[in-house]
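Both complexes below contain chain A, partnered by chain B and then by chain C.
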Partner chain A sequence: MRLSPRTWTLIILAVLIALAPVTFPSAFYFRIGALIFVNGLAVIGLVILFGYAGQISLGHAGFAGIGAYSAALMPMHLGLHPALALFAGAVLSGGLAFLIGRPILRLKGHYLAVATLGFGILVFIVLNNEAQLTGGPDGMAVEDLGLRAVSDALGLGLRTAEVWYWFMGLVLLLGAFLALNLHTSPTGRSLRSLHNSEVAARTLGVDVVRYKLTAFVISAVYASLAGSLQALLNGFVTPDVAGFLHSIEWVTMAVLGGAATVLGAVFGATILTALPQALTVFQEYEHLLLGLIIMLVMIFLPAGLLPSLGKTLRQGESI
Partner chain B sequence: MTLMTVEGLGIDFGGVRAVDAVGFAVKPGEIVSVIGPNGAGKTTLFNILSGVYRPDRGRVMLDGMDVTAMAPHRLAALGLSRTFQNLQVYLQMTALENVMAGRHLAERCSVIADLLGLPASRRRTRETADIARGLLARVHLERAAEREASSLSYGALKRLEIARALAAQPRLLLLDEPAAGCNAVETEEIDALIAEIAAEGVAILLVEHDMKLVMKISNHIVVLDHGEKIAEGAPAEISQNPRVIEAYLGTQAEGGHALC
Partner chain C sequence: MRLKSTLAVSALAMMAANPAAAEIRLGAVLSVTGPASFLGDPELKTLEMLVEEVNAQGGINGEEVVLIHYDDGGDANRARTFATRLVEDDEVAAVIGGSTTGVTMAVAPVFEANEIPFISLAGAVVIINPLNPWVFKTPHTDRMACESIFTDLTARGLSSIGMISGQGGFGTSMREQCIDVAGEYGIEIVADETYGPRDSDMTPQLTSIAATDGVEAVVNAGFGQGPAIVTRNFAQLGIDLPLYQSHGVASDAFIELAGDAAEGVRLPGTALLVADLLAEDDPQHAVVTAYRAAYEDRFEEPVSTFGGYAHDAFWIMAQAIESAGSTDGAAVRDAIEATTGWVGVTGEFNMSPDDHMGLDLSAFRMLEIVDGGWSIID
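What follows is the complex of A and B.
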């Protein structure tokens, strides 16, 4: 039996996640791995929005902010378990995306980009200014999710960073599974058709506003979960999680990976999460370098790094 | 029983009356052609009828219901489907997926089922694929099923758009120059296909510059010039109509299309 691209992608991801630790010299690398998976999750959500539906957002870190502070505040003030807070945050983000998406998604191209940008900035400002609740720019501590305790109870004998690595690996696989299912489903086809030709999709019965909204809400939920998980992983959160730079980081990861495939999303997330760890210059000039990467990819590899490499390799084969 | 009635339809772009006071009726299974020189307003008329443009004047009735300025996706749900003169194929999707996407209205599934890849969602996709393969065969594209649309020839894309429009199971099909850029053999095939579709009871509105094709398959012809209807009738009457001949001869010198 021939395996579908969906199954292949999942197998490749699972194998990479399982084998990568062989190369890890210290626990620190498990932490980086977990961070890569957090970003990969958010970028898979962006692939659904950018790559499937063809809509742009420069403000998805706003949803990450909502997710992150839900994970921080709800256990503290409502006594919710962090795991429940994570889901409550996702529902909150999805609901908010639904409300603001309707007017925003009527806009096209750069108007949409600016509107989403405005949303992200708004969330950042609220988190930054409501210092009594959020601790303001200093940030606040986040309760432990309790993963290590579960692992110990099961007698797995893993260190905290390792537990997070494997847990986030599973979450990433789940996120990939859902996005891949969507791609070949009736909803996915409708999203991709309105991306390819909005006028044709409309005349074939696609309620484009509703479908754009669907993609927007799904991607907001991915971003929110990524935000919550990042906060829980770090045990600490600052308003920067909702900042413009964070949105741009994710957009750059998506663009680098071609913005169209799940594998590309994980690839982009890997490069841009690992690079700053390896090169300290990257941290100092992050704004500059992210801008440069976007420009270079757009000019030389408009399909993204991974798809372009794939195409070159395939051409090599056929010759 | 008429399927669609158009009355006094008009739209302006700036000062230009692109369509003005146009009226006609279409019955089920009938092939009505809309002809006229370049810039006569044929495509604009199609854009109004399919809901892409809002008319400034006039009414469009479908099944006796006023559907003027209704959104395209709602008109589609009422059984209206179309192709585009300037191709609106989903270029980054395969030929098969293009046709499958045409079945949007028939196959809608819950987003949750689609995300989880539940059996209901996958079954629906398989059924849609089977139907789409049949439609591809109908336009002789079955061997291109798995190819990305962007890699297909112009003539193939024209036929792909027809297959996609048919996937929506329309009662009224608007075809905007389906044979443009096609060679003689392909034109013959499209000719036969249109007649076949009409024979199944689908009403067809056809814009086409190939007069041999138009005269052969039309039941009824509407002639536009400068946005206005200048003649209407059976093919034999139209080809003898002095105003029609004049409109065409007038543009022929500028490289327009001659009658026959």
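What follows is the complex of A and C.
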């Protein structure tokens, strides 16, 4: 039986998630794993926006901020369970993306980048300044999601870090599954057609405005869920989650791994989450090294690490 | 093949870690880079200097102290990851760090869950109230700065004030604390204005305060360049009232920025700032001058209050480990709580199971700017 690339991607991801813990010497690695999955989820959302639809955003951490503070504020003020707050935050982010997406997706290239960047910074400013609600720059505590309690009730005997690792692994697989399904769906085809040529897509009857908006809203929901999950994982949140650098980090992950593929997204998230931990030995040169790596990838592997490597390997085989 | 390359990279994350015995592993998470680097940089330098000093004297209880430090860049999420790493991977016995309140609150649960004594270097009251059995702090709080200012106001027979506060984290927090504590000192806040972090002119707010009936003094809660602008505008408007600044601008840079307008301004500052002016018999004289000389000799830059917090945290921790005789978490924690009458750079520490900061108002010296320099008001 011949498996589709989509199934292969999911199998590879699942096997990696399942096997990686064998090599983990301490619970710290489970946390890194969980963070990789959180970032991976957000970057998969960006792949839908960048890779499928060919639009750019430098402000997606803004949606993560909305998701994170929804998970923090709604349980506190509305008495919602954190799990419900997570979905409420996603709905809020999706709705906001829908509202602001209509006007700003008319922009192209640099102008779109700057508009989305402005949105992200606005969210950051609001979170920073509404101190009586958000605690300002000092941040605020987030209620426990209760994963550990569920795990204990099931008698799994896992530590908190492990529970989060497996839970986030499942969420990432689900996110990847949905994104891969979208890729081959009629909507996905329309998105990719407007990536290649907006004019051609419009000529063929693709509702360009609607599909751009769809991609923007979906990626906002991914970012929002990632933000909520990060807040719940940490049990604490500060406005940094919505910061400009956080947006840039995600864009870098997407571009480094290969902005067009789901596996590339997870690959980029893995490298940029794990690398700073490996580079703490060179603490002062960490940013220098990261910058150098990204420059080299951009110059020599412009399609991103994974697609370029895959291409080279396939060429090697055909020779 | 894809599988292989992905595996190779995930192997990057697996770094070897073999903590050795017969040494005391002291962890630190500090914001050495990023927006809070003005805090983390002197803190890390101080810790490195003191660890060397202790090791040169034979370590603590004959064991060498190893400092393992990570830079969180001011980001709470990264700080939390490094805190987990310190506990799980580096297996540290105690931790000093948390340059900002946000970072401290993000990492504290990790140390609490693993029962590791943790001394924070951040300001806010929330770190120690409600009390966390494993979390201590050495900096004074902004509430104490308010109390210190109000005590001085009361001594001058003034009771109704106008407040002008920055909208940043520091100004917001201090404004709330001042409003909260004002009643206890019989102080009435009759005018309450704020300004944005990038405002370059506070004349309207000051005009409004000066026009309010019954204002006897003005208190500015703020950090950075804002207070210098307030001070200049205050002088330009010719407002003839006492002006109080906060400990947030207690540095020589403030006098340079505000220029002649700073004459007569009062603010609560630490002994470290006025090391030269301390009397020989002042209890803090010895420790303050020694720390300042050592730091300035080695790093050739002016000593800062924030490095002083790290200085006190390190010695409190070192003494606690010494008197506990081991690095057992609970024993060290109890020893920290038993710290009494120890004079540090920031003040005299009297810790207890109910008070995990141990400072009182004497940690602040009321200073006045006279002839472009500081003078202590008794």
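Heads up, the rule we're going with is that the second predicted complex is superposed on the first by the 303 of 319 C-alpha atoms of A that agree within 3 Å, B and C clash if a C-alpha of one lies under 4 Å from a C-alpha of the other, contacts with A are read in each partner's own complex, and residues count from 1 in each chain.
Here is the rule we go by: contacts are C-beta pairs under 8 Å (C-beta built on N, C-alpha and C of every residue); 3 or more make two chains touch, one makes a residue touch a chain.
Given the structure is predicted, the values throughout are model-derived calculations rather than measurements.
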| item | value |
| --- | --- |
| First (chain B), second (chain C), both or neither touched by A:196 | first |
| Chain B versus chain C as contact partner of A:141, first or second or both or neither | second |
| Touching partner for A:133 - first (chain B), second (chain C), both, neither | neither |
| First, second, both or neither for A:277, with chain B first and chain C second | second |
| Partner with the higher number of touched chain A residues, chain C or chain B | C |
| Residues on chain A engaged by chain C in the complex (per definition of touch) | 12, 15-16, 20, 23-29, 31-32, 35, 128-129, 131, 136-139, 141, 161, 230, 234-238, 240-241, 243, 245, 263, 267, 270-271, 274-278, 280, 283, 286, 306, 309-310, 313 |
| For the chain C and chain A complex, residues of the former touching the latter | 1-3, 5-7, 9-15, 17, 32, 70-71, 74-78, 80-81, 84-85, 87-89, 100-103, 105-106, 109, 124, 126, 167-169, 172-173 |
| Chain A-facing residues of chain B, complex | 50-52, 71-73, 75-77, 80-82, 84, 88-93, 97, 100-102, 104-105, 107-109, 111, 113-117, 121-122, 124-125, 128, 164-165, 168 |
| Footprint of chain B on chain A - complex, ascending | 177-178, 181-182, 184-190, 192-193, 195-197, 199-208, 214, 218 |
